[in-house]
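You will see two complexes here that share subunit A, one where it goes with subunit B and one where it goes with subunit C.
So, the complex of A and B:
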């Protein structure tokens, strides 16, 4: 071999942060696709289960309606849903304004308890039924109880190992996304498009609730309490010059204080996840009401991408000057330089891909690539504009576009070519 | 034919790519991003082609010339795409080099550039395998199987998996050859990729006749092996030239 190893190039580490956020998103989508294909096989969904939920309050679809009726019904449902989400978000802003963060934090823990315990339990029962897994109810109850309690602690507390927290967040995303895929087809697509438009409006318009939330949190120099997935921060070695990407600059500023950085990166999951459940509370409420009527809670808050602070701390003091704080929305950077993505984004991406899985796997692959492309575009815009940006619009709209194009155009083409064994 | 058979077919088409991915590409996150973007670009080219040809499909005639026209246009579009990808790649290399200078790290080595080309090619190959083979495998997980009348000795899924493997190889390694050719200005390498791609596409036309897959598929594999060997030679030559250049400079 050579005498001394060659110094490593930037190719080794470039793009690491993006991969650390693309991987859990991909895992979440994969799990939802697997759940959908295992559990929905053989059951006709659109007319079998009349799924009463908040999202189908205005119109419950049946497969015998005409296309125009379905379209109108889906539109109506989506409008109702977005209205509820807007009201819930404004409520959240109000509570945050009145500094009821304790209340919100407890509510978040409670609703993650409901998601993991009840939704997780029901899906586990479906899986056990589908695979004829031999297990008795006492073992199942004990296992479910333990699973739920650890999950609530992971979301609630800050001292949990980061991997466990990340895993539980992905599981919560998978469970909620699976429940959303049980909605009727036109309603789901209408909902996705409506939520991404709402997201766009809520973050960018001056009166939008998410923007208000961000500004409030910025003024107070607090973290926005919500369910956020935070990727593990990339610890770079010293010696980086002022990098092109802002995040490198921030990391550089903290590179001298490795100790502080490590402490802070441990603390961050707490503060970010700790305080309140942005919307989980809403879903919790609905789940409680719904358990009788099997209604699905609106994941109002979950829908909203989460924002986080980017504390540019250039000195060793604990609290940086608030003027340096900048909140980036949807996808953003935590104060340790790691990327954070709101759980609502996970959920809606997975709903899109899960719905595509209900048609065929070709649409799944196409929609997966579209969603990842949208995520990449959003990240690039984020690095460019350094403003609060919503994470849903690009991915969902690209995903819907690719779904339609694949279903209408690509499938015939590929099947025709393959059946004749013609490939290129 | 069962879950085991379905997974078997999937691994047949994508097994080597999976091992290449785990061994080489997953080590460097930038290469994974390159793979994903080149897969997306290939998908978009496929959608564009299907948009154009959708109106004419399914072909009512049994003659071979509409199919050959289809293959010609598809290959032409994808090769034009390869040229476009080379331009983008060059731009990106410049940006990466500038960034490396800024953070005072060494510039991209020749192996790095070839790895980026490999990841790009593998993106194309994986996209081909996924859309032409894997996405049609869903029935294979069930209890029965399916035969095409033109090639009735082996199940359809097996045939498409075998063909997909050949094409994955061709796509992956011809991208390395093409990028090498463009960067060196070597005309032979630059024309290698389109010619091989076109030849491979035209060989599959042999599958239109009954029993033609006995001839078509081995020819396809000849193309794949030619690509592999040529890529190996090119890379070896380039690396030894580079090393001798470095030792001369020192």
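So, the complex of A and C:
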């Protein structure tokens, strides 16, 4: 120990975990902002075009309505959407309860196929048209086919390079978020606020569907088969010291640890395995138990993945009925101590920032900071309470607040200052 | 506390917490620098697959890549990069390596063919193809079949 460099402080491990969640969220938001700026350039006045989809079933906004009408319409749309999502989530809880996990997995694969194949293809076509890129249809078809099939395999099959899986999850988030930004403005904002309130209710209330789902998963010590982004767990040097390679399990509730026995003949009695979010010794003991191959029953509250679940309805095909069960929301702690963030959170954060981008870049910066601040608050609460938490409310409500403040107050101030050559 | 932390081939030392000596996989178990031992066959290290599972997955990726999926071959090479990188290692599986080399060759071949066709199409343009170019290019095809209107 004398010749070792200074041990990693808790700040470094802590910071590393947070960075590993904030980076993909930021990348997702950045990509959506880029897509929105490139593709919606010429069509910012398309509120008059009716955009028929599930989310605007109740009311189709048009720019000639008064503010009161728009508000009522947006409220109606959001209520309808939240109702549909609630029903779908309860359906999912029922299916999970009846142990139809195979069906859920296939459904997940099918919806990622739809998103990557159809929506990805359409957005690629938009980009090609916007830039007049001289690609021919055969190459395009082969490229899209490859992209889609590998994406479905990465999300659906349990083992592929972590980087590839994470990248595809971010791409799915970007595509769905872009689709949501095509909705009319008031409906989008209403939807965001309604979804964050729903998330709050669904996760924290005792009868909420997401809470039921998490408890079911914990009781059975299973993974919920759904789209969740899991950050790579931070492996501290202490855990890996001196050539002992330990089989960490990524993305599985119960791992197969038998190979570990073959390679190593000893156990590290205590070593912090870098998941600072738990108490140090407690977590080390539990995870070391896990590594020893014993059943994770005793450590179930740490080992079981804590996640939440919500379904997002998409009407991406002609008049397809609900293709739900696709995304999740909520933040929790995975079985290897890594932070798990549902894909629904990625999507709604990006929708918020994308919608802000449709106004101006000043609102983008303000909303980005608000979302990241909200995420930080949620992570701190996660460290405190150590149970599944809704990740939407803080970020979205802060984001909406900052958007309104920027648009109403900051912009006038900045513009006036610049015009009078006072600042900026 | 730290017994034998210098012995190159010793396996385990109970580290009392802050042992920060993180040897690379190479140093950990080779006394010379020549023969490198792969600890983990995948790029994910301890979070990835074990040696037995890797064989199954590499075989599956190789076979599925024949369905016109060069990207899958590329992902397979990326995933098992340590095995490709250290060909003469102590623990290398010749079968695993065979599948990986096959995947790499397949990927390079397919990409060469596809990119040469795409570049010819893009650079040649109307001069080379005549009016067929306009019928093959993607944005016209999308217009013709209304592919961009679903969203």
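The working rule: the second predicted complex is superposed on the first by the 314 of 424 C-alpha atoms of A that agree within 3 Å, B and C clash if a C-alpha of one lies under 4 Å from a C-alpha of the other, contacts with A are read in each partner's own complex, and residues count from 1 in each chain.
Everything below uses one rule, namely that a contact is a pair of C-beta atoms (placed from the backbone, for glycine too) under 8 Å apart; a residue touches a chain by one contact, two chains touch by 3 or more.
These numbers come from a predicted model, not from an experiment.
With both structures placed on the common chain, the touch criterion links A:167 to neither subunit B nor subunit C.
For subunit A, the partner that touches more of its residues is C, with subunit B and subunit C as the two candidates. When the shared chain is aligned, no partner comes close enough to touch A:91: not subunit B, not subunit C.
In the superposed model, A:423 makes contact with subunit B only, not with subunit C.
In the superposed model, A:147 makes contact with subunit C only, not with subunit B. When the shared chain is aligned, subunit C comes close enough to touch A:137, but subunit B does not. Annotation: subunit A residues 6-8, 240-244, 248 touch subunit B in one complex and subunit C in the other. The touching residues of subunit A, counted against subunit B in their complex, run 6-16, 18-19, 22, 239-244, 248, 360-362, 365-366, 369-370, 372-373, 376, 402, 405-406, 408-410, 412-424.
Every residue of subunit A that touches subunit C in the complex is listed here, in rising order: 1, 3-8, 118-119, 121-123, 125-126, 128-129, 132-140, 142, 145-147, 149-150, 153-154, 159-164, 179, 182, 232-233, 235, 237-238, 240-250, 259, 264-266, 268-272, 316-318, 336.
Per the touch definition, subunit B reaches subunit A in the complex via residues 28-33, 36-37, 39-40, 43, 46-47, 49-51, 53-54, 57-59, 67, 70-71, 74-75, 78, 96, 99-100, 102-109, 112, 115-116, 128, 130-138, 148, 150-151, 156, 159-160, 163-164, 167, 197, 200-201, 204-205, 207-208, 213, 216. The part of subunit C that touches subunit A in the complex is made up of residues 1-2, 5, 10-23, 25, 28-29, 39-40, 42-53, 57, 67-72, 75, 78-79, 114, 117-118, 121-122, 125, 136-139, 141-142, 147-148, 150-151.
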